[in-house]
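One structure is given here, and the rest of the page talks about it.
The letters A, B and C name the chains in turn, as written, and every chain counts its residues from 1.
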Amino acid sequence: MAEVVTEGLSLDNPLVRVYAFYCSILVLKMMFMSVFTSMTRVKTKAYANPEDAARFKLKVKQDDNVERVRRAHLNDLENIPIFFIVSLIYILTNPSYFLTTWLFRAFTLARISHTFVYAVVVIPQPARGLSWATGFFITGYMAIQNVIYFLA
Amino acid sequence: MAEVVTEGLSLDNPLVRVYAFYCSILVLKMMFMSVFTSMTRVKTKAYANPEDAARFKLKVKQDDNVERVRRAHLNDLENIPIFFIVSLIYILTNPSYFLTTWLFRAFTLARISHTFVYAVVVIPQPARGLSWATGFFITGYMAIQNVIYFLA
Amino acid sequence: MAEVVTEGLSLDNPLVRVYAFYCSILVLKMMFMSVFTSMTRVKTKAYANPEDAARFKLKVKQDDNVERVRRAHLNDLENIPIFFIVSLIYILTNPSYFLTTWLFRAFTLARISHTFVYAVVVIPQPARGLSWATGFFITGYMAIQNVIYFLA
């Protein structure tokens, strides 16, 4: 027992392990966006800072492809950190292991697919809308469950 | 006791429950910003992606009302995730239950009021500045208390 | 023992204390960006909202210095919240105290130096790239360790 307590968050709870796994995947996915933006900037020669552009004797410019990747990244920033906190709290409400695992898995897949159809291969709507909505409703479902559980 | 440890974060601490409640409210508030942006885009016909605009035979354009909602949303991204982490750490410093509950409550109300006066009904300054500053100083107070507590 | 459990996250683990300290420093650093943006807006008279500009009988305008500070702030939003979650999970993988303390310390110094060379005193590349990469690889290292640990 003492050992578990020493580790801080308890790994006794299998949902903590599931949470740890999917959150780390989501962080790697978000980190990819930074690399993807840089690669797109190099390819399109569209730098945001004069000191970066100057190294290639270029001027600062905006490019539609770079802006598209940046919008996908910003969409991650709007949706993923709130998932991190809401799903951590959701674990405290004693949810079903099966349902929760599927919520975390579906959220992760939805966010990866969102980036793919938004910025890697642009697929016509409603592909992006559906990916976004899947993540949004999962987060919303958990947030509402949390509010009900902790209101008392 | 074993049961509590299995749940990971301890619900024995009443401040964990208060934290869980207000953080979930704040997440719902942030989720509203995404819906609000979409609604404003539809109303003003200002889409950010060519494939979205094309469905209504429109071109991509910027609109002042959409940009205002987006600035309010970005201000949330700048202020709320840091509150999530700072207030979680603050609970570990054994703070007063009464004070902490009021800090969490005031932060939540301040952020809701910030959005309201910024993007729902534009109210002249200092309304927005005061809402922002309330949240900012609460976060700053807790962050400094944390640094002092954990410096030792 | 009971006391520790009541506190929620266990302070028995010295890495939780190190985590709490560096995360609070990083939050203060991010809060500084908001103040820095405001100060730069006042100095360059570049306000984003018509109601703010109107108080000084100005019109809304963009300024390169303000945009530079805002890019540094956005870079924080892209990199620091993912560190908060990845490093919390990393503590659960029973890492070496010595290594982990240095990872947290190096990340914090790298992010402070990133802002300094990006927006306070503009220092030629590769200063900014190196600061950014230090933080990026630390986060990536921990995220990959987490995925391996929790994959089983």
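Everything below uses one rule, namely that a residue touches a chain if its C-beta (ideal position, glycine included) is under 8 Å from a C-beta of that chain, and two chains touch if they have at least 3 such contacts.
Everything numeric in this text was worked out from a predicted model, so none of it was measured.
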item	value
Arrangement of touching chains [line / ring / star / complete / other]	complete
Interface numbering overlap (same over half, different under half) for chain A and chain C	different
Cα-centroid distance, chain A relative to chain C, in whole angstrom	17
Shared-contact residues (touching 2 or more other chains) in chain C	5, 9, 16, 77, 81
Footprint of chain B on chain A - complex, ascending	1, 4-5, 9-10, 12-13, 15-16, 68, 71, 77-79, 81-82, 85-86, 88-89, 91-92, 94, 122, 124-125, 136, 139-140, 143-144, 146-147, 149-151
Residue numbers on chain C that touch chain B, as the complex places them	2, 5-9, 11, 16-18, 20-21, 23-25, 27-28, 30-31, 33-34, 48-49, 51-52, 55, 73, 77, 81, 84
